[in-house]
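Each chain gets a letter, A, B, C, D, E and F, in the order it is written, and its residues are counted from 1.
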Amino acid sequence: MTKKVVTMGELLMRLSTPGYQRFTQAQSFDVVYGGAEANVAVSLSNYGLNSYFVTQLPDNPIGQSADNYLKKYGVNTDYVVKAGDRVGIYFFEKGTSVRPSKVVYDRANSAITKADIEKFDFDEIFKDADWFHFSGITPALGENCIKLVEKAVEAAKKHGVPISVDLNYRKQLWDVEQFEAVMPKLIENADVCIGWLSSIEEKQKEYKLADFAKDSFDEERFKELFSRMREKYNLKYVVTTLRENYSATHNGLAAIIYDGKELYKSKKYDFSIQDRVGAGDAFAAGLIYQLVLNKDHKEALDFAVAASVLKHTIDGDFNVVTENEVMELVKGNTSGSVQR
Amino acid sequence: MTKKVVTMGELLMRLSTPGYQRFTQAQSFDVVYGGAEANVAVSLSNYGLNSYFVTQLPDNPIGQSADNYLKKYGVNTDYVVKAGDRVGIYFFEKGTSVRPSKVVYDRANSAITKADIEKFDFDEIFKDADWFHFSGITPALGENCIKLVEKAVEAAKKHGVPISVDLNYRKQLWDVEQFEAVMPKLIENADVCIGWLSSIEEKQKEYKLADFAKDSFDEERFKELFSRMREKYNLKYVVTTLRENYSATHNGLAAIIYDGKELYKSKKYDFSIQDRVGAGDAFAAGLIYQLVLNKDHKEALDFAVAASVLKHTIDGDFNVVTENEVMELVKGNTSGSVQR
Amino acid sequence: MTKKVVTMGELLMRLSTPGYQRFTQAQSFDVVYGGAEANVAVSLSNYGLNSYFVTQLPDNPIGQSADNYLKKYGVNTDYVVKAGDRVGIYFFEKGTSVRPSKVVYDRANSAITKADIEKFDFDEIFKDADWFHFSGITPALGENCIKLVEKAVEAAKKHGVPISVDLNYRKQLWDVEQFEAVMPKLIENADVCIGWLSSIEEKQKEYKLADFAKDSFDEERFKELFSRMREKYNLKYVVTTLRENYSATHNGLAAIIYDGKELYKSKKYDFSIQDRVGAGDAFAAGLIYQLVLNKDHKEALDFAVAASVLKHTIDGDFNVVTENEVMELVKGNTSGSVQR
Amino acid sequence: MTKKVVTMGELLMRLSTPGYQRFTQAQSFDVVYGGAEANVAVSLSNYGLNSYFVTQLPDNPIGQSADNYLKKYGVNTDYVVKAGDRVGIYFFEKGTSVRPSKVVYDRANSAITKADIEKFDFDEIFKDADWFHFSGITPALGENCIKLVEKAVEAAKKHGVPISVDLNYRKQLWDVEQFEAVMPKLIENADVCIGWLSSIEEKQKEYKLADFAKDSFDEERFKELFSRMREKYNLKYVVTTLRENYSATHNGLAAIIYDGKELYKSKKYDFSIQDRVGAGDAFAAGLIYQLVLNKDHKEALDFAVAASVLKHTIDGDFNVVTENEVMELVKGNTSGSVQR
Amino acid sequence: MTKKVVTMGELLMRLSTPGYQRFTQAQSFDVVYGGAEANVAVSLSNYGLNSYFVTQLPDNPIGQSADNYLKKYGVNTDYVVKAGDRVGIYFFEKGTSVRPSKVVYDRANSAITKADIEKFDFDEIFKDADWFHFSGITPALGENCIKLVEKAVEAAKKHGVPISVDLNYRKQLWDVEQFEAVMPKLIENADVCIGWLSSIEEKQKEYKLADFAKDSFDEERFKELFSRMREKYNLKYVVTTLRENYSATHNGLAAIIYDGKELYKSKKYDFSIQDRVGAGDAFAAGLIYQLVLNKDHKEALDFAVAASVLKHTIDGDFNVVTENEVMELVKGNTSGSVQR
Amino acid sequence: MTKKVVTMGELLMRLSTPGYQRFTQAQSFDVVYGGAEANVAVSLSNYGLNSYFVTQLPDNPIGQSADNYLKKYGVNTDYVVKAGDRVGIYFFEKGTSVRPSKVVYDRANSAITKADIEKFDFDEIFKDADWFHFSGITPALGENCIKLVEKAVEAAKKHGVPISVDLNYRKQLWDVEQFEAVMPKLIENADVCIGWLSSIEEKQKEYKLADFAKDSFDEERFKELFSRMREKYNLKYVVTTLRENYSATHNGLAAIIYDGKELYKSKKYDFSIQDRVGAGDAFAAGLIYQLVLNKDHKEALDFAVAASVLKHTIDGDFNVVTENEVMELVKGNTSGSVQR
């Protein structure tokens, strides 16, 4: 039977300038919807799972547009609560070469920040669920959202649903102190954690929170660090991607996973970029998909990295690819020959 | 010497679905910027005046885009204060035939609602100014905006600058009681008022506030009503447009002005509609332009109605027409022959 | 509890030239998906019903795109069979004024014409269903499709599901003789029939099959004709729209319904046209929606005509409107004032 | 055997603002190519004739684009001379309702104004030709163009090719005095003249040159006027369209032809407008097409008017319609029903 | 005198998603027309030859659009037979980086597969012709097309017209066995063959049919292989391109030609890719163009490779470049400096 | 107080094919305005200076559009003279990979070539000005423009305004002899010269005028050369960029400056290209901006190169970047990480 997976978070409207126009040049914006957890939900639906997304959206035509956008990609929105005033917005200007992409947030006071928690029927939501995923972005949206996530985690736990969390620290939303104060309670109920807290580190200078990409990857230290994370928070797996930013349009990507014994490192890909937003979420979804299907965690990591690399070739937040397409890349087919 | 005119209000981002698409169908939005008073500012600049727009915009690329948009049409933005968090937004879906246009506001907490009043140097702003215009939309945005408008009116008065106000009641922003409580103090310093308060009416049932368009235009009652407005608020002119809505794409328009003696009614135009947003502002600007030039008030009204009719043929909020084009219409040339 | 409604038919790709371009001028095509019954399914979903669409689509990215397009508007596609080679296509060129719109069909050998009937689990499909709708277009697609419809009608009957049929004669697909040979067996199991067979007529010259629109509407003859249809095929209601084609962009529309006693005629609307494809389906959906909710058949007709009129203002095949918007029109609000 | 028809004139690049944007609003221009005589050439090719267009175009990628554009519609460009510096340009802003369309010419010094007359092999061009058409726009482009037209007319005459001329007076190009000084010599070699010279009129005040459209059509006076034209210049037919400009988007159109005996007036059409540029050329082409095929001149006029009316529904300068489509309109089918 | 060249094959409609959108994301398709042999025809016309394309297209507006599209680029379509029901379609999704481009064929039952062979007047077609080119795609379309090609080859032979064939094996259209059974008879009448049959190989494992690109290019083996092809089928030249697929957007390209004595290898180019469809056809056309002009076969190969490389920078199937532009690349100018 | 900077030159309309389309493929052109000196003016305005652009534009809607386009980016156009007939045009086709970009000029007889010199009030223009910049393109437009520049230089000198000149030799506009005859008189009044005259060289073969980019950069020879330039023309700084053209989409860039003592060479950047037009002007503007602010000339050069590199990532002629963005690049941040 098809597995039921649940993700919860904010669904934002993304307004992007066409092509490589700067904000002041644009006479129109391309509209897509996305958000860390919604992106995961779409990937899981693309892979064939019964994927539910939980959020709050205003009961107006913009909220309806956001909802329809998710439904188009097969995500079930039956648990979406219709309340609140506005859909959060982020403006996006795609960079190229030496010019970085730019995000301007206009997400304050969005519907989910005013979540009417009583309207979320978590018992119904987690009934027969096989996985729950959330990210550190939602608790960053304020007290109400912290409560919402806490209630969800609690209910998932009660229903015996495995939980993954992507720490996803965003400095525009909160500072490291707040982040490290709030997250531990949420992590300790999770089975899989993507990323780590800087507080776990002994040698904080070397493994700074925001510094995921390492030219000089030091296996021993990562192992030590992840081991500490894993034990302190009682996790099954600690995972992270390792990104190298050569330019706005050229990156490298690999990932590591620690299962308590071995630190497994995936193959590293080098690739050009069409749209990198959501690549981390594509990674998380790839990992979850494989773990839900009880695949080996190394296989899962390989799948997750390939999925994330593919996301960089896709416009918008969603990783609109099939399982077969990811598997082609895992198998090493990067030739880009026309398929005809 | 070129006259200096000042307008103050909010500058919003308008996000419109392309063509006649509904919100849920759109994959992109056309972006223009506009707002009741900014629209007036652009018209006055188009007609050749030295037009200043006063507002507060956030110091980010979106605020910069809004500012550039005004500058493009020759409006001077030197008095714009850069502060606050966001540019207010309204989503717009153009109707056609029996389907009405739809506006979804997302303007709460915009920069001007947090106006840092001390930063507005009204003495500088009104020095050598020849006119000041504002509308009832700004005070509708909350206490801080009421104070902002009051300070502006006060300063204009002090500098002997003639003032016009367009009442522009919007029921999504405040209710009639609030409106009628706040506006009198602002009106009584004005010289020209577009619209009237329902409280002025004896026979309120007949002249309801929102009911500007009259199939059966009753001259006597309007004269009585405007006479009372004029006296109570010590106005020079009371003015209003008279609109007939046949459908979303076909309207009629005329206007009346009262100078204390005579109620003058303009010619009535029948026309099809490309974009009716800002037509009222085009009317206000046409009127102001003529009055600033000391034209006769009847001539002014004729010009204002023709300008407003032309606006219905122009996309966006701004009435991108020249004085000559308005005059062609005033003279009766509605044949639409190709000019070659 | 939300009603379950089932529609079955073909889902076509529609490729339209942008704006009013002719085929030879187009450098791109706008892509939407639609089809008589799918259009009904979307309307019923828009109105809040639990709407299922049954068809066969190829298991390739084009079939997936068609499927996603329906899901976006909330239609449940769980019963869609994935088999066959191609999605049927129709090319569309929008006319204007004296130039008619043009359709070029490229739908031969589409997936549904090769329907693998055994894969359609009609017992599951009609379990707990509250309505079934199909149109005369599906049996026009060949022997296999006739069998498919017969099996569906049989199963619906078995499960006690009310049935409606829209005759929808299309002369490019079959000739009148074939049409009149096949349809009776399908009609006689239905409760509601939109349209009538010419064979039912005594005075065939006057009521030709294709000639739905009448300038000189003759109530008595329609009553006689519909009475004969109703009795012969044991129908509850016989219905038709009455369209007046003034030009490609200006039409009139009314409708009549006969319940065995009275021939009720709706209000007639005059309106300009943005996109008239699917207007008949919007009518059928409006009627079904009201009848499923057990509304009075006259109310149902009024709703159906207003829904159909609104469709003319919407791009694409789908009538993307809410129940409230239809009701506004039923109540007589055709002024097209901006809603703000 | 397919008839060979020759037209000669300028082929301009037309840069139009998208939709109804004003010049200052446009961020892109739609590009088409056209010109009075080229438009005729395309129509004649559409109707199935072997249509040659003669002009001079620069030997650069812009000249090549213009040439390809004609070829696409089947016009033979083998006689086009490649020389000169630039393709003439006209900027076009489409009006709507009370706002007229606007043309800004940037055609000075275009390739044809520098025509290298020796390179035009008129003996080859008119060998076996069945018709030659030109308009008054070409001689308006200066001395060199007058010579070019004179040589063409002379050669056509020598080869016994029937000639038509569309006077097409354009006040931005020359004044009436120049026009009336140059044209007589060209007209007197023609068989068919569209339009008339004001100098032919006795009552010049009443039939002003530019005033083709008459609300109060006076048959007797037109007969008198055309009779004088016909005799003085030894013409077979004198013809003109009668246009009524209700607005930029709504016109009426009829036409008259005089054969020396009777002044025949066509049916009058009322229609809305998508793009009116080239409507006069569509008329000329319709007339020529019928006359080349030796149709009756009244039939020819009816065809020509219908063709011209259809042009108003087509974007660009070219009348992209088939003979069948024109005939449908001649037969009175203006209902605009979808053809499916 | 300009050389007359004839190509024959299918002309398909290509529907591409805009930019790098995936099929399920697209709301419009870009429309171009193309096909292996039509692409060759356009290149030959671009280079100044008198290029005829032979095919069958339906007599409807879509067939007309395809025809016009060829004419635009100067190809003579006088020999195109108007019959059959539909234009074959292929959907195209452009890949980037590690994501390959995707083709979905919808070409079954296209007009040419129903070719009405009697209507092809091959004696007229090959009269005074200087070259005939076809590819292995046309016989892959079924029995009728095999006959059509056979008749064409026979007639060309009869008229002494040199023949080239591009084997162009496409595994979606037929399997290797069919391919190797049908092609020999067609090859043995040709003078130039692009590609080789696997049956000719002794060491089939090493030179698999589809494996044209070789990292480790083995000159001796290719020489042996091509020598056998040449002798068995009595060819003048055996040719192939050697492609290296680094990614969907980065390739390498060289080519080899064998004249019975020497295996000549061209320079190898490295380049980024805008659109690689038709690059093989651009190669064939470059080769043919040079051979028709009696250029040395090595020069011909150099020209052909440069032409093919340039094609990768051009959108659509057609290689819209001039002879001069190819020569610039042959001469080694790859700097990409702005030409101003 | 904000510095006042003045630039003078031509403002052209640039018509670019969308994406990478060739001229013959385009159905629309993107419209931007630009020109060597106007591009500098916009950059200086972007950096916060009070930037005036001096030119002549026709008094028509196209001239108005050009004017508005400059104003949008904050440039003051109060000194623009409205006279003349046309805005100069250049058509632009963007190259990629091995295909170079192409410019087709259509700028003859533009408004500035007919400059009504008396209408330029240079005393007013240079009053309180802090810098004047012009380029070698303007004198290349003919005698009248030479006089215009001479008068400007003279007036600037009189008002003590520092002057920079970018030699900008364009072989389509004049030949080297004319260039070297005209420029010396203009250079000798300048303080900063970008580029050098070939006549200054001893070893002309090695440092050809057009050959700015050097793979083998020879410091000693450049020093010698610049030293001679500096002395002969009494310059403060001689400057040039050093470009390496790897392909149309991949370049390298550095620059050198000579102050009489030391030849300072900037860092070299390697980058991919979105739009390289205006990159030289971005360099000039960066240099001027820093020099106006009295920054060290080495810092100025570093800033100028970074600004120029950034320009390659921006569509259009204008370098729409902020000072902060340039500084980020100067500091070495080329990672292209998303800024969120």
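Here is the rule we use: a contact is a pair of C-beta atoms (placed from the backbone, for glycine too) under 8 Å apart; a residue touches a chain by one contact, two chains touch by 3 or more.
By chain, UniProt protein names: A, B, C, D, E, F = Sugar kinase.
Given the structure is predicted, the values throughout are model-derived calculations rather than measurements.
Visitor: Note the shortest touch-path length, in steps, from subunit B (Sugar kinase) to subunit E (Sugar kinase).
Guide: Graph distance in the chain contact network comes out at 2.
Visitor: Which chains lie in contact with each of subunit C (Sugar kinase) and subunit D (Sugar kinase)?
Guide: Joint contacts, listed by label: B, E.
Visitor: Taking each chain's centre as the mean of its CA atoms, which one is most distant from subunit B (Sugar kinase)?
Guide: E
Visitor: Given that subunit B (Sugar kinase) and subunit C (Sugar kinase) are copies and touch, would you call their interface same or different according to whether over half of its residue numbers are shared?
Guide: different
Visitor: For C-E, which listed pair, C-D, B-F or A-B, repeats its interface with over half of the contact pairs the same?
Guide: Matching pair: A-B.
Visitor: How many angstrom lie between the CA centroids of subunit A (Sugar kinase) and subunit F (Sugar kinase), rounded to a whole number?
Guide: The separation of the two C-alpha centroids amounts to 45 Å.
Visitor: Indicate the whole-number Å distance between the mean C-alpha point of subunit C (Sugar kinase) and the mean C-alpha point of subunit F (Sugar kinase).
Guide: Centre-to-centre distance between subunit C (Sugar kinase) and subunit F (Sugar kinase): 63 Å.
Visitor: Using the touch definition from the top, which residues of subunit A (Sugar kinase) touch two or more other chains?
Guide: Within subunit A (Sugar kinase), residues 22, 24, 27, 68, 72-73, 102 contact more than one other chain.
Visitor: Under the stated touch criterion, can you name all the chain pairs that qualify?
Guide: Contact pairs between chains: A-B, A-C, A-E, A-F, B-C, B-D, B-F, C-D, C-E, D-E, D-F, E-F.
Visitor: What residues of subunit F (Sugar kinase) sit close enough to touch subunit A (Sugar kinase) in their complex?
Guide: Per the touch definition, subunit F (Sugar kinase) meets subunit A (Sugar kinase) at residues 72-73, 269, 271-274, 309-310, 312-316, 320-321, 325, 329, 333-340.
Visitor: Which part of subunit D (Sugar kinase) faces subunit E (Sugar kinase) closely enough to touch in the complex?
Guide: Residues 68-69, 71-74.
Visitor: What part of subunit E (Sugar kinase) is in contact with subunit A (Sugar kinase) in the complex they form?
Guide: Against subunit A (Sugar kinase), the touching part of subunit E (Sugar kinase) is residues 19-22, 24-25, 90, 95-103, 105, 170, 172, 245-250, 276-277.
Visitor: Going by the contact rule set out above, which residues of subunit E (Sugar kinase) touch subunit C (Sugar kinase) in the complex?
Guide: Subunit E (Sugar kinase) reaches subunit C (Sugar kinase) through residues 15, 18, 22-24, 26-31, 60-62, 64-65, 68, 85-87, 89, 91, 93, 102, 104, 106, 108-109.
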